Amino acid sequence: MALFHVRMDVEIPRDLDPAVRDETIAREKAYSQQLQRDGKWPHLWRIVGQYSNISIFDVESADELHEILWGLPLFPYMRVEVMPLTRHGSSIR
Amino acid sequence: MALFHVRMDVEIPRDLDPAVRDETIAREKAYSQQLQRDGKWPHLWRIVGQYSNISIFDVESADELHEILWGLPLFPYMRVEVMPLTRHGSSIR
Amino acid sequence: MALFHVRMDVEIPRDLDPAVRDETIAREKAYSQQLQRDGKWPHLWRIVGQYSNISIFDVESADELHEILWGLPLFPYMRVEVMPLTRHGSSIR
Amino acid sequence: MALFHVRMDVEIPRDLDPAVRDETIAREKAYSQQLQRDGKWPHLWRIVGQYSNISIFDVESADELHEILWGLPLFPYMRVEVMPLTRHGSSIR
Amino acid sequence: MALFHVRMDVEIPRDLDPAVRDETIAREKAYSQQLQRDGKWPHLWRIVGQYSNISIFDVESADELHEILWGLPLFPYMRVEVMPLTRHGSSIR
Amino acid sequence: MALFHVRMDVEIPRDLDPAVRDETIAREKAYSQQLQRDGKWPHLWRIVGQYSNISIFDVESADELHEILWGLPLFPYMRVEVMPLTRHGSSIR
Amino acid sequence: MALFHVRMDVEIPRDLDPAVRDETIAREKAYSQQLQRDGKWPHLWRIVGQYSNISIFDVESADELHEILWGLPLFPYMRVEVMPLTRHGSSIR
Amino acid sequence: MALFHVRMDVEIPRDLDPAVRDETIAREKAYSQQLQRDGKWPHLWRIVGQYSNISIFDVESADELHEILWGLPLFPYMRVEVMPLTRHGSSIR
Amino acid sequence: MALFHVRMDVEIPRDLDPAVRDETIAREKAYSQQLQRDGKWPHLWRIVGQYSNISIFDVESADELHEILWGLPLFPYMRVEVMPLTRHGSSIR
Amino acid sequence: MALFHVRMDVEIPRDLDPAVRDETIAREKAYSQQLQRDGKWPHLWRIVGQYSNISIFDVESADELHEILWGLPLFPYMRVEVMPLTRHGSSIR
């Protein structure tokens, strides 16, 4: 398994059709929650005061992560940063 | 309770006495593991290829977080970045 | 209680309808002043020569701060930076 | 009167004589507290997880601020950033 | 009196109505020249190859500077940086 | 398998004992060449004019990559940047 | 022969006609694959989570590289970074 | 004549011999004041809270400016930024 | 004479009328070539893979350089950086 | 032939033995002048106010450039930036 730290900063264009906007956000939520239920997106936090999140992904491979991120309904309106993680020697887990 | 995302980048000076170095790293590990067992430091990951970690803290307050970070045995050799987190509207937790 | 330092940089799009603009700025002012009267936004200063402010928030939690910031009428047109503060050992307060 | 926002990041050299270090920090504290009592340094906060502070100065002039900062016992070990502030149109004060 | 160093970078939107543009630039010039004649804007230089200037302001206070900058006809199209200045110990003035 | 793009910038301290320096560089070379022969470090290029390289790693996991990088004899003197790669849709491979 | 490391970050304007967009992407793919078959573009990888690639070019000269990059159908929508590479002294190739 | 805007940030090494330090600062002052009297260094201001200055030079040529800067007794301990200036179209001078 | 190093990064807006675009580029070329023939713009190189150039100007003064740059037909679509040059002590010229 | 733009920023450590320093600078000068006479280093300019130069190299290949730069006596004390150049379409050469 492979663990990744991802930061997503969202900036939806102001002139996006409101119906498209709402529908995209709703699809994003469903997409994210399915991956959370599947155990592939174990952590999702909001950064205070930002339209941004910190996510932890636990996937088969970087290839799978790429497919997941590329498929995010809000992907065209995001800046994404990916950092691979590994176990820390002081972790009790 | 208050949730914080912390990144720590460690740079131990090359001329630090090796015994002091080893003792400091050992104290850092014990200090970190006690806080993990107490539930205050629920996640600790190594960033691949870096002498750096990503940590999630779950504490009473920012004041408590400051006391914890300030007390890290390696604190004098770290660059620390703190971001407050909150629940994400799409999180299933 | 939790203390936060927030910098807000405002950039209202030039093509925003002037009536919407004026109404949004008026709502922002009322929203801010209510929070000031409630003691949750104890300091608000303008940075000289910038459409920016420095604010100090004194709230229950980072979650409450997020709700407040997210609800700012000008939030969609702002860049926001948040830093948690704590008491300084040399402060006489 | 003139209001300034100052951020100070302290980095005391590791090889500074410990007695000099302690004495300098003690002088810094006394110097700061005198200015706080005089009303010239009305706010002093610690940034969480940093050897840094956010300060508000309320002085006669930028010249006086310069004298104060230049005279800080820790000034040689600080990075200092100064921003002039003014009243915000939405402030209730 | 208070002395400030200000850098202004101008970027007029390409789609601004040419008549509005010309009229704004003309008002900017008149506004600037009145302040120069009043002694409040003693130096104004163009940076070579840039639509930018370096200005020195000599005003009563940072509050007055803010009023002046905020009132610049081109202010909505500028990025402004402000640094307070003071007398240099080696200056012969 | 997992593919990673790694940039390493080397800065050996000037006061490192020359014998230690030479021995470390020799060990680095042997270590690197063994991994190249094992197929885990398929590409290694020098950036022109820099004491830096661009490397491609083809490993089991990010965990294995971390072990490899952490074990580099020059690791204490390097700045390392890691980016996970995946197949490009236009690649003919 | 000359070896170059190129990073391309693509940002296709949202308001580009979808047919033009699709046709441009298709031409980009054909153009890239022809150069790959010619041996001039030996490596092409996707950066995980980014609309970006890392490419290695193996060409006659920087002049030829410029012609190739300038001719990319997506060139007007790319940010391109070029670094010349050379053989690494530890490479086994 | 040629007009230049120069920012100098001084950082004198802590381990410089105090006598050398004092003598260098004294020579810097004399050197600067001679150039001020000669009309070549018409403005010299301290940036508030920084060991830095903003200087305006009015010299024959960039070559002369280089000779002047290169000859500053504190030059080895300075970071220097140079910007050529020209007359501003709105200047009343 | 005065020597300047100039980098120009061009970004022509996508919605510029194609005829205006072509005419502007043609005027830019003629303007540049006249200055090259006059000896005022002795070097003009393309940066590989960028819509950017490196230019050396050899002019009477910074004032003349400013007039030249300000007059570039593509000036409104450029980012320009200027550095004054002088003779290098190791140059054989 | 291959054309490169190189910027070199020199920072000689203050504690380098003065005889070594002088000898290294002398070797650097001879090395540079030989390459200038060979036509491989056709331009070498000092950046005004900086211990830095702008150089143009005209070499067989990036490999040769790397050998040249790597062999500079001051290389260990330099930060080097390399950009490949090509002919500009508006150049009259």
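Just so it is clear, A, B, C, D, E, F, G, H, I and J label the chains in written order, and each chain counts residues from 1 on its own.
Throughout what follows, contacts are C-beta pairs under 8 Å (C-beta built on N, C-alpha and C of every residue); 3 or more make two chains touch, one makes a residue touch a chain.
For reference, the UniProt names are A, B, C, D, E, F, G, H, I, J = Muconolactone Delta-isomerase.
Remember, it's a predicted structure, so these values are computed and weren't measured experimentally.
With steps allowed only between chains in touch, the distance from chain B over to chain F comes to 1.
By the document's definition of touch, common neighbours of chain C and chain E comprise D. The angle needed to superpose chain C on chain H by their Cα atoms is 180 degrees, rounded to the nearest 5.
By number of C-beta pairs in contact, A-B leads when H-J and A-B are compared. Distance between Cα centroids is largest for the pairing of chain B with I.
Taking the mean of C-alpha positions as each chain's centre, the chain lying farthest from the centre of chain D is G. One inter-chain figure worth recording: chain D and chain H are separated by 27 Å, centre to centre, where each centre is the mean of the chain's CA atoms.
Mean C-alpha position of chain C lies 44 Å from that of chain G.
Chain centres here are Cα means. That of chain D falls 51 Å from that of chain G. The set of chain I residues touching two or more other chains comprises 3, 46, 48, 62, 65-66, 82-87. Applying the touch definition to all chain combinations yields A-B, A-C, A-F, A-G, B-C, B-D, B-F, C-D, C-E, D-E, D-H, E-H, E-I, F-G, F-J, G-I, G-J, H-I, H-J, I-J. Taken in their complex, chain I has these residues touching chain H: 2-4, 61-63, 65-66, 82-87. For chain G in complex with chain F, the touching residues are 3, 5, 28-29, 32-33, 36-37, 43-48, 53-54, 56, 83-92. Per the touch definition, chain C reaches chain E in the complex via residues 14, 46, 48-50.
By the touch criterion given at the top, residues 6, 13, 62, 65-66, 69-70, 76, 80-82 of chain A touch chain G in their complex.
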